[in-house]
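I'd like to ask some things about the structure below.
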Amino acid sequence: MHSIGIVGGSGYTGAELLRILHTHPGVEVTLITSRADAGKPVGDAFPALRGRTNLKFTEPDVDALAGCDIVFFATPHNVAMNMVPELLARDCRVIDLSADFRLRDPVEWSQWYGEPHACPELLGEAVYGLPEVNGARVRDARLIACAGCYPTAVQLGFLPLLENDLVDKQALIASAASGVSGAGRAASVDRLYGEISDSFKAYSVSGHRHLPEIEQGLAQAAGAPVALTFIPHLLPIIRGIHATLIARLNDSETALAELQAIYEQRYANCPFVTVLPAGEHPQTRIVRGTNHLEIALHQPQGRDTVVVLVAEDNLVKGASGQAVQLMNLALGLDETTGLQQLSLLP
Amino acid sequence: MHSIGIVGGSGYTGAELLRILHTHPGVEVTLITSRADAGKPVGDAFPALRGRTNLKFTEPDVDALAGCDIVFFATPHNVAMNMVPELLARDCRVIDLSADFRLRDPVEWSQWYGEPHACPELLGEAVYGLPEVNGARVRDARLIACAGCYPTAVQLGFLPLLENDLVDKQALIASAASGVSGAGRAASVDRLYGEISDSFKAYSVSGHRHLPEIEQGLAQAAGAPVALTFIPHLLPIIRGIHATLIARLNDSETALAELQAIYEQRYANCPFVTVLPAGEHPQTRIVRGTNHLEIALHQPQGRDTVVVLVAEDNLVKGASGQAVQLMNLALGLDETTGLQQLSLLP
Amino acid sequence: MHSIGIVGGSGYTGAELLRILHTHPGVEVTLITSRADAGKPVGDAFPALRGRTNLKFTEPDVDALAGCDIVFFATPHNVAMNMVPELLARDCRVIDLSADFRLRDPVEWSQWYGEPHACPELLGEAVYGLPEVNGARVRDARLIACAGCYPTAVQLGFLPLLENDLVDKQALIASAASGVSGAGRAASVDRLYGEISDSFKAYSVSGHRHLPEIEQGLAQAAGAPVALTFIPHLLPIIRGIHATLIARLNDSETALAELQAIYEQRYANCPFVTVLPAGEHPQTRIVRGTNHLEIALHQPQGRDTVVVLVAEDNLVKGASGQAVQLMNLALGLDETTGLQQLSLLP
Amino acid sequence: MHSIGIVGGSGYTGAELLRILHTHPGVEVTLITSRADAGKPVGDAFPALRGRTNLKFTEPDVDALAGCDIVFFATPHNVAMNMVPELLARDCRVIDLSADFRLRDPVEWSQWYGEPHACPELLGEAVYGLPEVNGARVRDARLIACAGCYPTAVQLGFLPLLENDLVDKQALIASAASGVSGAGRAASVDRLYGEISDSFKAYSVSGHRHLPEIEQGLAQAAGAPVALTFIPHLLPIIRGIHATLIARLNDSETALAELQAIYEQRYANCPFVTVLPAGEHPQTRIVRGTNHLEIALHQPQGRDTVVVLVAEDNLVKGASGQAVQLMNLALGLDETTGLQQLSLLP
């Protein structure tokens, strides 16, 4: 039984870690911190756990956390980077769900987050936590930067095209949409039910912090720089990300069946990636509450443009489920342990 | 007072015509047909009108309809084309909200609708009902083919770029999303609340019937053939279409401010098109229940790609409101008569 | 043209006043205050009004407000009672949408609101703003306390039973449910989309501030004390209140048809109250965005219990629409002026 | 490993049985029938199961079903009663989720369902499937009539009051609300997203088929006839039932703390019933997707009326989860096997 600590337990990704780890057979959450809720039983904040755990939230404390085998950070950016160096120094392994260690270039990090990075020397060591790309490197990593929600969907959707140099790398487009939980649990007028329900809009089209993370990953897959137009939208749903990816084929003779075969082969050994039959349309509800990501390919009118549709749960495969998948790999457990839940229908 | 007939009154666009025309000062609905509901008071089907109208649904009958000044068809395709020739012969004017007269090429029509067109000789005469393009021609038209819901949003979003030859006409992309009312009021498992709520998906990506209509309009604006990748999605909202349009600038030096000025000028005299300040994000709820369409421009990262965001109400500017706007033009009334309602907030 | 001031313009009821009064032919909003948004154009907060008004929010200022013919308070409790005395002294008439002047007993007010009332001497003068009860008294009132959202639905639903002494006054039950907009526009975790959507709960069952207001009104109708069990619930809808009222008939032989006739007669001259045919079920969507309230009666199994179903829009008939109805009466205008909008379907 | 058959697999309760049994360690679904989908892989109808089962739907066939240890009927009424006699004759045990065997009186059954009962001789043998009441009798039962969704919530909410003779049995009130999935998966205009979303209404107030089932159960608990006013409402949520129960205390001196203790004791050994601290408010989302039912007690204003709030998932504790709980009991397994899933937050 490995002992687990969670920093930042009162947000949605913290709750989701608790939910998933509650039935995980190989680990036990022994510590969960929350400045706001310190002293409160976990069951008060998450009624589904009432009576099922004796955990209480505590103040974040490095000494206590250092006693855990693995510490998850389920915090906004700018928290993990201030505690991670000391935790690593004390032989604790860290899986960070925030953006602090996702970018390799500290200058770029500073441009997007508006402040210097607190430990740029760790950016090189941190393993980018996308298991379908970096699974092998995760096993021995001390510090894992769990991939973001949009970045997971967009990268897994584009990878086979870029790894095989099939499309114009300078004209990639991702029109993606996220459920409201992606914005977290902080009080905000913009996310009130009355402001979100029965409406739809794009946001941050001129620049979203996930853009550099995605371009970094796509460039690595392509072995060359890429240019992505990334257009996020806000959905009136609780959970789910849907990414509609569009790229121009280098060779207009490339057939959809060929692309389909490449995708199926690329993800044949990835237990959480399903390539649907060509022409289908993934739905966010089918993966809701699960760590599964579904992909479908289209080539409208048989023209030179390929459309890749991707659906995932932003809080599971896009955050806490992926973090547990990474933990499984880091601990040498089967990758799917504790992550086999089916979604509800309806 | 002009007398109005409505064919197909029991669907959502028929109801919306009734709602708008109920407070319109220049016309009166004297006839409304519905095979399914013939004999029923209109107020039974649309409780908001209970006690406010004595109309009853009748069986569709050309003789009765011919007595109206204007007849609206709020029917699926394949109804209007079988009744329009006789109505025109009897000096009745027709505004068709269906797809029967939107395409100019009967061969293309047959390819997408799977049957021969019943009166191809009228396709040349029918005026395509997009007031911001064809307003002048509408005034004298006998037969007006009201533009479709997606086509209205996509065309009005792209027009200034194409009319001014600013973007690559062979790589246009429209990733659009519609509320469920766009699919009509017929019973269907796919549109049950339990199947739609809290989910999102694309549909008909490999080919949607609005594609040829949109490409026809864009090609006319461009004065040359265009290629559009059109990707529709289904939103868990009642009403609203949001179109995310993406195009590559011919001249990568073109600045956003320049584009903004072109859009503002293009729509300066269009009372129902609002060009938002550059960088804003239209929301479907802001135009819900209104005939207004909002557009905003973005140029992410100052690169060579322009993103145009468009929001409209699919049942108003995308159908019945636009039809009334066309009727106003056809009758020589002020274009905005009866169409000035504000949306609710929240 | 009467000049209108609105205090507290940045909440939902303030926005709703603006929307309704924007098309009202007899008045003009000349002043709207908001501490938070002072200096901002109204169109920035309410995009539906962008380009349709030049109003800007101002700091609340009694001198400026005193120049208006009528001032609406669309504020939380404890604001109006501190400004009203001075406004009345300067011959301004006031319609207060808050709870400050709804209770006649200052001691009871203090028990529920936890502080002394600032001007108890005005509680006797204030006319309780339920037009279907106090319409005549409103005409000459200086100070009108617009009835609350739940109280409007519950009182109008019970009145005919109590006025005619038909039911057990000591065992009245109101199980009611409100859309989220009833809780206002302030940021709150409890009202985030992710917390409200796809869920339902009761709240404040042990004691809700609308209880004394309702019991006061019911007691007046009954001419005797009443005891009401009031059970509010929170609906995952934007707007709408539905009240399910249950009472025991004094005479178990009373027939539903008899009750139906009494209700129809009671509301025959009330333009905004519709008594549906017995056995129907009002829906909140049918009255959404309108000032109409719908009532239906049931007598399950022909037993001795009558069930009254009531639907209204909490922001219109339950707040701002009712306030405008009261204003119409106070100004000697037709009661329905500016309040004839139809709801959308769907 | 016990073999399980499911009749009527293409509806929501059939899907839910599949989902729950898919991870159940003690049984295997070997047969699932659906006239509409015969021949189709189960994964086509329920994408969450795609790739996780090789089952195909078959035509219902008594010979094949008789080979199962237990057969579930997840069908509308009037199916099970025509097949059950033969299955019992062949030593198959049956758990019926429909209404066919819930009422003991065939005359009453016929009044509510409009036809004669096909095997009235079995009504006496059928064990009413509410584990918290009949758990012991279930163990040896051949035929179990799984309690309905509303009846489960209403009975478990009222039982302690009636078993202890604490309230007026002739004036019980249940104002309950269900998510749309309670109406099943059949296509219907009334349940389209556009008709349900953003609205709320009561339905079947004059008479709902669950009334006699509930009164039968309550009368048994009370040891005397009862009269219940049952008022169902339709919620714009996918899953969940919330029941608001109201009763008048026989002794107005009874304190809330006393009632609380009685409830806690009554359900101390019921693993799926949680009595919340007095004064709390259960939410449907907290039990969504789980077999748990939550109860909270209120005594508004300390008066003589007790309010019991109950939340459950209509498809789990209200249908398929309860059916599996009954199956566990019938097979001598731990009651909670396969039913320990936590709900999502958010």
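We just call them A, B, C and D in the order they show up, numbering each chain from 1.
Here is the rule we go by: contacts are C-beta pairs under 8 Å (C-beta built on N, C-alpha and C of every residue); 3 or more make two chains touch, one makes a residue touch a chain.
Please read these numbers as outputs of a predicted model, since none were measured by experiment.
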- Most distant chain from chain A by Cα centroid: C
- Note on the structure: Comparing A-B with B-D, the one with more C-beta contacts is A-B
- Taking each chain's centre as its mean C-alpha position, how far apart are chain A and chain B in Å? 39
- Task: Please work out the Cα centroid separation of chain A and chain D, and write it as a whole number of Å.
- Result: 37
- What whole-Å value do you get for the distance between chain B and chain D if each is reduced to the mean of its CA atoms? 46
- Item | For chain B, residues that touch 2 or more chains besides their own | 12, 181, 185, 194-195, 197-198, 236-239, 283, 288, 346
- Message: Going by the contact rule set out above, which residues of chain A touch chain D in the complex?
- Response: 12, 15-16, 19, 22-23, 46-52, 181, 185, 197-198, 238-239, 274, 283, 286, 288-290, 340-346
- If you look only at chain A, which of its residues touch chain C in the complex? 12, 179-181, 185-189, 191-198, 236-238
- Once bound in the complex, which stretches of chain C touch chain D? 171, 173, 175, 177, 192, 194-195, 198-203, 205-207, 211, 227, 229-231, 233, 235-240, 242, 244, 246, 248, 279, 281-285, 288, 298-301, 303, 305, 307, 309, 311, 346
